[in-house]
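First comes the structure, then the notes that go with it.
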Amino acid sequence: MSEVYSILREPLIGGNKTYNDVTNDVCSPLERKPTIAWWFAFTISFTMLIAGVISVTYLLTTGIGTWGLNNTIGWAFDITNFVFWIGIGHAGTLISAILFLFRQKWRTSVNRSAEAMTIFAVICAGIFPIIHMGRPWLAFFVIPYPNERGPLWVNFRSPLVWDMFAISTYFTISFVFWYVGLIPDLATIRDRAQSHFKRKIFGFLSFGWNGSNRTWSHYEKIYLLLAGLATPLVVSVHTIVSWDFATSVIPGWHTTIFPPYFVAGAVFSGFAMVLTLMLIVRKVLRFEEYITLHHVESMCKIIIATGGIVSMAYGTEYFIALYSGNEYEKFTFINRALGPYSWSYWIMVSCNVISPQLFWFRKIRRNVALVFLISIFINIGMWFERFVIITTSLTRDYLPASWDSYSPTSIEIATLVGSFGLFLTLFLLFARFLPMIAIGEVKGVLSYGRKNNGEHL
Amino acid sequence: MSRRLLVTVFEDELDIVNATRTARENRYNIVDVYTPFAVHGLDEAMGLKPSKLGWVCFALGLAGAVAKLWFQIWTSSQSWPVNVGGKPLSSVPAFVPVTFEIMVLFAGVGTVITFFALRKLFPGKKPHIVYEGATNNRFILVLEQSDAAFDLRNVRTMFEPFNLVAMEERIDKEKK
Amino acid sequence: MLLKSPITTVFLVVGLLLSILIFYNSYSVNYRIPGNNEGYEPVQPIAYSHRLHAGELGIPCLSCHFGAEKSRNAGVPSASVCMNCHKFVTALFANVRAEDELAEKEKRKPQRIISSELKKIYSSLALNDELLPNPSLKQTPIEWKKVYNVPDFVYFDHRPHVNAGVQCQTCHGAVETMERIRQVGNLSMGWCVNCHRDVNKNGVNNKKVYASTDCTTCHY
Amino acid sequence: MSEYHNVKFEREQETIPHRGIDRRDFLKLSGFTFAGALLGGCQAPKVDKAIPFLVKPEEITPGLSTFYATTCGGCNASCGIITKNRDGRPIKIEGNPSHPISQGGLCAVGQAHLLGLYDSHRLKNPTMLGKETVWNDIDSAIKNTLKEIQTNNGAVRFLSNTISSPTQRNTIAKFLSGFSNAQHIEYDALSVSAILDAHEKTHGTRVLPHYRFDKTEVIVSVDADFLGTWISPVEFTKDYHKGKILNGNNSKFSFHAQIEANVSLTGSNADKRISISPNAYKNFLYDLTTTIEGGKSSIAEVNELARKLLSAKGKSLVVCGVNDIELQLLSNYINHLLSNYGNTIDIETPSKQYRGNDTELQKLISEITEGKISALFIYNGNPLFDIPEGNALKKHIEAIPLSISFSERSDETSSATTFICPEHHSLESWNENEVRAGIYSLSQPVLQPLRNTRSLIESLNAWMDTPKTAYDAIRDEWKNSVFTMQKKENDFQKFWDKCVHDGFAEVESGKNTVQEFSKQSLQNISRSSETTAMALILYPKISIREGKHAHNPWLQELPDPITKIVWDNYVSLSKKTAEHLSVKENDVVEITAQISNERRTLKLPTHIQQGMCDNVVAVALGYGRKGTERFTNIGPEWFEAKPTVNQGELVGKNAAVFLQFVNGSISYNLLQCSVSKTKEQYRLAATQEYHSLQMPEHLVPAGSERRPIIQETTFGAYIQDNSAGSFSKHEYESIWPEEHQYNNHHWGMAIDLTKCTGCSGCVIGCQSENNIPCVGKDEIARNREMTWIRIDRYFQEEENTFSVAFQPMMCHHCNNAPCETVCPVLATVHNEEGLNQQIYNRCVGTRYCSNNCPYKVRRFNWFDYEHGDEMQKLVLNPDVVVRERGVMEKCSFCIQRIQEAKIIAKSNGVALKDGDIQPACQQSCPANAIVFGDMNDKNSELSKRMNDKRYYKVLEEVGTRPAVGYMTLVRNSDEVNNV
């Protein structure tokens, strides 16, 4: 029955909000005109998006040759970005699903935007496997559809096919999860909407929700089920992504610890990205009372944890390579640290291993500016982790005669920028048109850390 | 046929839970409770049975998994067997990932669809709002005035302790 | 929600659409996968009738398309091949006889009748009506329209098929009944592969054969 | 087989593999939406014409190949070739196995000169004063001038490269006999004149000996690149390996020492390579002579060599590639002392491949400069480009009243002459070569001339008013001379038909009269004082040689076997020299030299070459040819692309400016020059970035300093244990059940690293067979070469040893192919004969397969590559599809040949024999290094090699179980110096 809470805990939501306050606070950004800050951010991200669109169009009309790839290095920026974005996505699912299963109440004020982030990240990620193809107009070949060729199916042994299924499933489930969570809030907006038009739209989107508890009880159930499904899913997705490399024969790719290593890395980078965004959001949309320092702190803690796992993985990987007695493995790893691309390796280490250690200090965890800075560092570091694994492993594999070097072209860089543009544009639009915070869920935890009559302990 | 309904409005989650429980203990016929968010303990207070959707989810997941596994084995060892990298025609371990993904897809999407169907929710459905603020800050308990013995005064006194905000009678035209 | 319509779902949806389309359309003629010109029946520069030659006169296919036996292309016969017969046969027998009878009546030497279509062959060879070289004309090759046109990435070889005893009609249909050649079969990969599978089971006219379904049988 | 047929290639549109451009372009345009792809799928019937012959030539059946035996026009060596004709046009050139000279081998140039046939820059018509005209006009004009010259006894000179065709020689002689003061001068851009001169002095006959590498046990070569570019490389390679046979206990293995400054192909194959400066060549030979005479040298190596040579009297051979009479005299003397004449050196039936005479050339040059000449004919040569002072002659030649060039294109020389009477391409004309005394190699036209050209014989006859076709002329010549020299056949027509069919005739020619060896010419040769000056070496590259084929993109893009650099010539110098000059790779340096008291300079980029002698710089000849500016945009065009040649510039620079006459012969070694660094930079493009199997010192994991890629051992060790040098065998265990059996055929390949010389013939063979595009310098610099077979080259340099190893690398067709498992769309899978198939039209181009290939032999179409202009497209092989942009491709073991052979065998109801199928790389390999065959056939050549103790597989430990294996590299040296 009613809440069990410790009087020692500070409330999750500050400033004695009533249910109505919550509704107003969350919905007001949607109702007032967009701020200058919003327009500013939007223009920048949209320009980035355009840059991406142009470069991709050029790529598609001219050929993969417009990338810096070559006979030895078949993947570089393209797949690096893909893995990076997929990784970003994972935090969202983790917050919404895993923390939900663990009954982490504080998740409520961040999960909505985190889930949105997941979806946008997966969109960004999904683009790369398609445009990295030499003949993307035939990308549908990877779908096993009945055809006139015999019929000729696809190769279910190929990790790329696994990817195709994993990503599409991951996207669909995250989307459904997010949308189901959104429905009650859409109803709320609908019922307080002034303009007829808005009422119509949200009326359409809210599936005629009326808050009946008979619905609520099923709703709670499926929410739980989805959380239960999303949890193994999120693990499986990055596991499969890691198999792209783990199942290969290339030293530096062919590594058994990749799945846990990648998943941890994904969550690590994902939370960094959540922090980056949340810190901006809470400032711009004045959500300080909802996204409190307590939230920031708990996320920092998760970052230390996952960061720890990642650092551990780096160590293990290196140890195994040197201990394995496989000269190709050995060489690859020494080459990573001391070879021509050592700079990328050391960027990775300093960003992913060293910088998060600062979060051991409460002061730093509660210093918004610092946290923001470090979160950026981690994002960079994690991008480079993928670059190191994918590209530098390829540059020097078995036959010295085929060793080669790689440097990106302007097109590749523009594409990376463009993917950020797409991500931010989508996120800003989301912030503009949908409730950034799960109203229903926040109301659910409003009483958390308070007396029944509302005022503070 | 039409029914006479009594709509009672509260403004706190604990009140509605207690009110509902008392109403049920006093053998009042609870039509439904409307809340802005999922209130814990309310199901039990209303005496709702736990949702059966779990089983649906399980069945769908299983179906998806089996179908996909069979499909993979069929395509790569029956429909057109090809020697890929010297691996066996049906290299089942390699088929696990996709099987799993499809299982999750079927279970997840399937269950949600079942839920919408079950509660007759669909895009563009006309919402039926019992009382202003049902999706904001009001907690509404709807009782059915089933028999002549039903007395508003009793109800009011019964709900006094749960700071009742409003109470009004309605004739429910819609078919149940 | 369209604004957020994600690549991946488009991917799946279109995949689905595609399969439906292809499923449905594999039975309709107007939809074509590359190289599928099923039912294509162009008007040829010379109204050559397979029905007359192969059907009525029963000339075997290989006597003109001799390439089929020893080369990958069956080959469109060169004008000189036509001349083997049409040095002598210059028009339908009926017309020739009619002229003879007419000449009989008019008590004059019958003159040579040349069918308009055959004239085209003669002129392309720069021959006059007496079938003697005509210096004023210059030799111009006959531009037949290609009917069976497999895609560039497919290497079809007539030799193994003909030598295995596959009837020309198996792929080209009842040519001996066609005035003008029409493409029978859609030349899709399935069309080839399923025949290969079938003959591996049932053989070609009760003779055991082996038709490989390796990709490199046709693609290289 | 017919001798001549008359085909218009335009007739055969239907069999030229044009890509379904319309469909694919539409696809690209129709956005990259799947809807687009869907639409792209549906298309209206494409109207395509099928245009048959009017009158079908007897021997042509559309779709069937015909083969003609003829002679290679690539260089003077005149190897026997077989052209593969399809629908009347040659699409491939291969070695003629029965030919006595080349014995089935063919070099890169020979195979590539096919492309020259379709060169759209060949002259379309004869030209007079730079204007195109018709033969009648030009003939009358020439005849008139000739009459004048006849009347006022003007001097007529006929300058040509070596002409080994008796008919041509006689016709020229007959033509010149009409003038009172006339002479025929022969020269060779890559001159060996000194060898002939030396023999004139020592044996009284000016001949080029026939060197019998097959009979030698000890070879000492002073700067003679006989496996690469010297005289008759293919023939020598074949013979060389007859002396190196590894067959268990009854093996014989010659010892080969190479004395050179630059790293040549021959040097990199030598058992012992002694690197000394050209300044020391003479003294080296001098010391060797004295030591062999019984003296003792201060240098241990010389004594060692002398000992080895003396131990193999009559079975040894000393060759000298330096075009200097003194050195040649010395080597003749050594060979005489070793009584090699009559054994390993045959001057009684000498080679006729080179007979250029530099002394006469020098005389002619002075005549020209003094303006004494009134008529100059220049045939088959480009003197203004490739002889000393060549470019200085321009104005003098323009001054000559009648100057006629027979060049097939407008080059440095022909653009200076009044008339150009273009000669046929060697594949278009009747010709013959007396390659060696008694061996006549016949050339027949394999297609009708594509241009309005005329053979020399016909031109000369026309001007003598005795019109005669080349065919008749040659036929008569053979009737009267060649036919009479043989006994076997007494009906000429039969004899002729056989010769045309075989492509050559072997007859009894009278022995060349030789005098006793006379020593007196050696009297005044003495040891010269040692100098340590910077020396310059001008050498011919395998691909470009003297520059005759500089217009051939295949050859321009063929990586140099040693440096792996394409599209440029450069200054090679050793690490030490580089440090001394403080230059790095790609720094432009300026070479300055004083030649005939005139300062000559040349600016070229630097290439630092391991193994080179210090204080020596080497520059390749043949670059900077007029007409190579056309390669500016040969590569794909996109906004970051760099041109192959800067606008208006030429490919490389002409190093002939440093040529000069020394004791009457062209000297390619400049003993005194200075090199200075400039500010400029110039990017050279190479196909290989890392040059050693040794790991970089600072990255090397303990115990794995050297990658186990190439097995290497010494002959001594091999005799002890045939498996010497083998890596530890890796036991392969599969976690999968063995489900796939290859019962019918199982194709495989074995490459003998001891045989492979790295000559790169296979690379061009593959390129021409499989329609591989030229991608241009920028793409190569980005490491996007498209060649399916590449030759990995590894160096090993220690303080005194330097060794090179070559390893041809192509798709290994692994049984457990890593590329296959990862392909999402089944575009690369195994077939039932163990081949790793790549299906272009299924490929979506994820490049995952290439990433996962341990051998990195897969090639991706980064762009839509141009396959030359419309004319050059005629060289495309109709049996192989031209790959579209965005698809992966790789070696297919020439699947088209496998299929063809199987179909033919099936039609004839016979089983495939071992050797019926030869991939392009194997067919022409001059060293027989590559063997392809059926692993299931226990008696196949392949199986024999696989059972050999030397057989091993590269990267076996990865578990890919490749179908391609290699054989240990064996050197006849004392100690293994592992590459």
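A, B, C and D label the chains in the order they appear, each numbered from 1.
What we mean here is this: a residue touches a chain if its C-beta (ideal position, glycine included) is under 8 Å from a C-beta of that chain, and two chains touch if they have at least 3 such contacts.
These numbers were taken from a predicted model, which means no experiment stands behind them.
**Q** Strictly by the touch rule at the top, which chains does chain C share as contacts with chain D?
**A** Chains touching both chain C and chain D: A.
**Q** Count the touching C-beta pairs: is A-C or B-D ahead?
**A** Contact tally favours A-C.
**Q** Can you give the whole-Å distance between the Cα centres of chain A and chain C?
**A** The mean C-alpha positions of chain A and chain C differ by 59 Å.
**Q** Round to the nearest whole Å and give the separation of the Cα centres of chain B and chain D.
**A** Chain centroid spacing, chain B to chain D, equals 81 Å.
**Q** Please work out the Cα centroid separation of chain A and chain D, and write it as a whole number of Å.
**A** 57
**Q** Find the geometric centre of each of chain A and chain B from their Cα atoms only, then give the gap between the two centres in Å, rounded to an integer.
**A** Spacing between the chain centres: roughly 29 Å.
**Q** Send over the residues of chain A in touch with two or more other chains.
**A** Residues 139-140, 150-155, 157, 161, 164, 168, 172, 205 of chain A each touch two or more of the other chains.
**Q** Which positions in chain D touch two or more other chains at once?
**A** In chain D, the residues touching two or more other chains are 34, 818, 820-821, 823, 826, 829, 831-832, 842.
**Q** Give me the residue numbers in chain C that touch at least two other chains, ranges are fine.
**A** 11, 14-15, 18, 33, 213 - these are the residues of chain C that touch more than one other chain.
**Q** So how do the chains connect up here, line, ring, star, complete, or something else (other)?
**A** Chain contacts: none of line, ring, star or complete; other.
**Q** Provide the residue numbers of chain A that touch chain B in the complex, in ascending order.
**A** Contact set of chain A toward chain B: 1-3, 18-20, 23, 144, 150-157, 161-162, 165-166, 168-169, 172-173, 176-177, 180, 183-184, 187-188, 190-192, 203-222, 225-226, 229-230, 232-233, 236, 240, 243, 439-441, 443-444, 447, 452.
**Q** Give every residue of chain C touching chain A within the complex, in rising order.
**A** 1, 3-4, 6-9, 11-12, 14-16, 18-19, 22-23, 26, 33, 186, 188-191, 193-194, 213
**Q** Mind pulling up the chain B residues that touch chain A in the complex?
**A** 11-14, 17, 32-44, 46, 48, 50-51, 53-54, 57, 61, 71-72, 75-76, 79-80, 84-85, 87, 91, 94-95, 97-98, 100-102, 104-105, 107-109, 111-112, 115-116, 118-119, 121-130, 133-137
**Q** Which residues of chain A touch chain C once you look at their complex with the stated criterion?
**A** Checking each residue of chain A against chain C gives 119, 122-123, 126-127, 130, 139-140, 143, 145-152, 164, 167-168, 171-172, 175, 205, 426, 429.
**Q** What does chain C use to touch chain D in their complex?
**A** Its residues touching chain D are 10-11, 14-15, 17-18, 21, 31-34, 37, 40, 42, 67, 70-73, 75-81, 124-125, 139, 141-146, 149, 151-153, 155, 157, 159-160, 163, 212, 214-217, 219-220.
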